[in-house]
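For reference, the structures are reproduced in the following blocks.
After this come two complexes, each holding chain A, first together with chain B and then together with chain C.
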Partner chain A sequence: MKNQQKQALYGYLYIAPSLILISIFSLIPILMTLYFSFTDYNIIQAPTFTGLKNYIRMLGDPFVVSSMKNTFIFTLFVVPTQTILSMVIASVLAHKFQNKLGGFIKSSLFIPVISSTILVGTLWSFLLATDTGIINTFLALIGLDKVNWLGTKFTSLLSVCLVSIWKNVGYFLVIFYAGIMEIPKMLYESGQVDGANKYQQFWYITMPMLKPITFLVVTLGTIWSFQIFDLVYVMTGGGPGRSTITLVMTIYNTAFKEFSMGYASTISLLLLVFIVIISSIQKLLFKDNY
Partner chain B sequence: MKKYLSIIMVGVLLLLTLTNCTPKEVPSDDTSKETTSQSASSSTASQDKEKTELVLWMPPFGTEDALDKSFWEDNLSDFATQNNVELTVEIVPWGNYEEKYLTGITSGSGPDVGYMYIEMISDFINMGAIEPLDSYITQEDRENYLYLDKGFIQGQQYTLPIIVGNARILVGNMDLLNDAGITEVPTTWDELIATGKILREKTPDIIPFAQPWGEPAIGALNSLYYPYLWQAGGEIFTDDASKLALDSPEALEATQFLYDLRFKHDIISENAMSYTNNDVIALLNDEKVALTVIDCTNAAKLGDQGINWDFVPFLTNKSGGTFVAADALIMTSNSDNKELAAKLMKTMTSGDIMTKFHHELAMFPPVAKDEEYNDHAEFKDMYANNAADLRTLPAVAGSFKAYDSLYKNLQLMMMGELSPEEALSYSVEYSENVLSN
Partner chain C sequence: MNKNTRKISLNYMILVTLLMLIALFAITPFAYMLITSLRQTSSLDLDIQFNALDFTNYSRVVKNFNLLTNFKNSLIVTVCSCLLNAIIASMAAYGFAKKNFPGNKFLFNIYLITLMIPGQVTLIPVFTIMRKLNMLNTYPALIIPILNAFGVFLIKQFMESLPDELLEAARIDGCSEFRIFYLIVIPIIKPVLVSLTVFTFITSWNDFIWPLVIATDSKMHTLTLAISTLKGSYSTNYGLVMAGSTIAFLPPFILYIFLQKQFIEGIAMSGIKG
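Right after this comes the complex of A and B.
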């Protein structure tokens, strides 16, 4: 017993540094946010307790409703697309291009990942400019009409989604690639012996073996998508209208333009709740067989 | 032995973690873009008892931050020497400007003297962050400064206007207008519509009237909407500033005018929804735009681009009216050296320094009688003869959200998703909720 208690104590000591850091930089700020969500607080003056006023305001705030909707649409489009795309590309590279060309493709796709989001957003704003952008110039050259990429409700959100996918697919590609390389080759050989073609091998061997990695990719992708801010801020500023405004952008505007930290804290908690719920659902869905 | 080693390693890790939580002191002679903390200032003052520290925050007006910083340091060096001041000048980029002030003031790293624009001032006043200047303004100052009234807010003199100018004017490319048989820039709403229709018909590849509806900042409304509101006889806020005053026939008339330019007369194209200010200026320089409303500073550069341009200060409907910037110097409440800070503000806005500022950094009209007119010559008559029609925004606390909602609703209207009535009613309703909070 004494030995077990000692073991437990050593365990706590080992995790103490991380626990302290997590408490200071995550847990305590969350608790503070919870407190401030019940106050009227502008940072400069002391907070004034207002009860549920911020929560009631949030329920009817058109900015919050629009940003919630946009964030969900963004996530629902971006996460599956980038997950499937990165998985497929990783599979193709792992099975067909294990050579210098494959290495070059991987490196090329990873460059957007390490590029600054601000730079990426600015660059794509130029590329997607209606009158002077290269994309529209190319479309005109092949006889198609110019598209108002950043100026309509549908295309502005679509543009942001596509740029986000372009930026992140390289990251998840590398993760999937590593996972695919770990899959025992004898499984594929057995599959071939049983007559499985490459698509069946992908569906019945690669995908099930990648389930833990897929869970990680989907979870990370979802959390990042819910936190999308800088790309939208640079490319569209949340417009036109409220077409691309996201939850984090609403939190930022509320906190630093409206100087309502209390209300911004309320919206932040809403974001936290969404992420926790969705992460829990994902964990349940991916629970079996891994 | 292994056990003891493990315990020692864990202890070291813990110690390192806790040690790094100790706040670091910022070096007192740091004049880089990082802000210096007030606690560092006071520790410096204690080390060097003769010199008093003052921190000045200014936005960039020159072509690069270094130019602005060296300008203010050079021109305020005499003030610093005569008053035994160690002056730290920091140039604050326009991006995240309000955030910088909020976090700086909160953390005690804010300036003694700063530069603010009208939309942000009331909020900081209400937070108690800005010091009233009444006790520092003499009768001689009141006779010298031209625009002190613009800094008289909530019954006190909170600011010292430093820039009043950069009006939004209607600019025309005369070569493009002449190609369509038009000899003058339109001066009324009806003339704009008629001119736009002629341009659409005769020069279909040219944008008749460009507007930057894709500009993300709410300041875009200064050229996109407010001039037309004032020209229709409307006002932005009610007298008691409890809501937007856009539930008026005048506001509806102005809004309908813009809506009709887009959907009835096809003078504003769908592409305008993606244009930023920079896009419009680039198109203007490429001679693809016949008419647009831009600020004087950018208009004055058109000649350098070889553009044959002319302008009118504003269109006229029931009255004239256009936006003019009225940005100001403020003193923060937590300044430890208020007397010196006030003296610094007056020095900065003195005739000598303002003349140099307008020659070297940015041309604007004078803010006091002790300076000659140093803005572009083509705008002199406009500022002299149209003062009553050059309007600034009202100083209303919490106005950002109201303006933001208005801008978003107007964008939705220009995309065809809302009618003018809906755009205005949603904006007014939202402003009522926000401003009552």
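Right after this comes the complex of A and C.
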């Protein structure tokens, strides 16, 4: 009995440092965000309660509306593209290139993953520069006109999407690759016996077996799309106009440029609601897998 | 060689070419960054004179823009957050996995819930807390928010496979609680600690929004933050910005070359959490 109490005490001691940190920097802040969202708060004066004012303001805020619109376009374009690309490359590598070459391809595609988004964004905004950028130089070589990639509404969002895919494919590739390696070889062998060709094997064996992982990749990709900030900060600053503004960028500008911390907290909660919904769907559907 | 194998090998060659192109597409921008950093030109053309390459941009970026201070800040923040995260998370994971105490399950479920909350959502309150504690522009403020429940979750999963009998035997032999943790538990969880450290390293080295908010004094800027400032104010001095970027790129890249397997595992695992 005494030993049990001692063990319990040790348990508390072991988790104490972590629990204190999680409480102060995760749990309490969530409650504070909730509280701030109902107040007017400019960080110098104490928050004053304003009821639902921030929530009503949010519904008609052009920056929030644009952020949502951009996020949806971004998600609809980026998530399917990067998911399919990484799944196909992973499957080709796992089935045909389990050798040095395959390893090299995988390692190369992982370099953008370990680099910071700020670095990647800086690099690509130089490559996409209108007058001096290498992309336009290539376009000129094949006789096409210069494109003002980051300066016009449609192409700026497109550029951010493409760079984001470029950075993330290596990450999802690794997740898919690990998943494919866990599919029992037997399935492919019996598929071959039944006369299924490579494409049929991909369609009837690989894809169904990867369903939980695909769902995970789509969920993660969607959550990341909702959180995008660094890339637009460094590439477009949210512009031109509001064409690449995002929720997190609106939160940042509202809180740290206009010092409307209360209203920015309301937008933060909107972001939280989306993310909780997305990850709950994934957890409910695939409880046992991940 | 019959017709059939020739057809297969042609397909194979096309596949290899395609994959090589994809790999090149991923690497070339970085090679381009390196070459541009060695050039003295405000143009980004491909007319590269290889005998005119030198390190002028590097010495300028270090002398005039205090990039070494930023480098030092990044290094301090990254090393401390890696160490603290490994220590605090493995302690908590051990407590949750191997100690029975009232509230164990409940508290761990709360940890799992916090994993869902992205840092941007708590940016404002954490900033207000740091400000109240007079910690703006300090190293602890840059380090502490990087620690989260992910490490605890990761290590706890790994610890489930650690046999209770082993710990019990050590206890009967009179091994003290602290020595059990230090001499038995830590060596066993080493592989997962490496993965966690790689993940923490990348997260803190590349972190942007938190340093942007908390480090208002440029002397406290991390390297990643410095790159964005450099790009913002010298956007046409390509060589200079690329030199700074290369300096920021190298530490994770060099580590990646040596610890490729751990990198890929550690970072891929982060997605497969909760």
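Here is the rule we go by: the second predicted complex is superposed on the first by the 251 of 290 C-alpha atoms of A that agree within 3 Å, B and C clash if a C-alpha of one lies under 4 Å from a C-alpha of the other, contacts with A are read in each partner's own complex, and residues count from 1 in each chain.
Convention: a contact is a pair of C-beta atoms (placed from the backbone, for glycine too) under 8 Å apart; a residue touches a chain by one contact, two chains touch by 3 or more.
In this text, all values refer to a predicted model and were calculated from it rather than measured experimentally.
When the two structures are aligned on the shared chain, A:A129 is found in touch with chain B and with chain C.
Of the two partner chains placed around the shared chain by superposition, chain C is the only one that A:D230 touches, whereas chain B remains out of contact. By the touch criterion defined above, A:R57 reaches chain B but does not reach chain C. In the superposed model, A:F49 lies in contact with neither chain B nor chain C. Judged by the touch definition given at the top, the superposed model places A:V276 against chain C, while chain B stays out of reach.
Contacts of A:P17 after superposition: both chain B and chain C are touched. Counted by residues of chain A touched, the larger count belongs to C, out of chain B and chain C. Of the two partner chains placed by superposition, only chain C is touched by A:I28; chain B is not.
When both complexes are overlaid on chain A, the residue A:F256 reaches chain B and chain C alike.
When both complexes are aligned on chain A by C-alpha atoms, chain A residues 10, 13-14, 17, 21, 24, 43, 129, 132, 233, 256 touch chain B in the first and chain C in the second.
Residues 10, 13-14, 16-17, 20-21, 24, 40, 42-45, 53, 57, 60, 62-63, 129-132, 146, 148-153, 233, 236-242, 245, 253-254, 256-260 of chain A touch chain B in their complex. Here chain A touches chain C in the complex through residues 4, 7-15, 17-19, 21-22, 24-30, 32-33, 36, 43, 89, 92-93, 96-97, 101, 104-119, 122-127, 129, 132-134, 137, 166, 170-171, 174-175, 178, 216-217, 220, 223, 227, 229-230, 233-234, 248, 251-252, 255-256, 261, 264-265, 268-269, 271-272, 275-276, 279, 283, 290, going by the rule given at the top.
Against chain A, in their complex, chain C makes its touches with residues 12, 15-16, 19-20, 22-27, 29-30, 32-33, 36, 42-46, 88-89, 91-92, 94-96, 99-102, 104, 107, 110-111, 114, 116-118, 120-129, 131, 144-145, 147-149, 152, 177, 181, 202, 205-206, 208-209, 212-213, 224-225, 227-228, 231, 238, 241-242, 245, 248-249, 252-253, 256, 260, 263-264, 267-268, 271-272, 274.
Against chain A, in their complex, chain B makes its touches with residues 3, 6-7, 10, 13-14, 16-18, 21, 96, 98-99, 102-103, 105-106, 123, 127-129, 213-217, 270-275, 279, 282-283, 288, 398, 400-401, 404-405, 408-409, 411-412, 414-415, 417, 426, 430, 433-434, 437.
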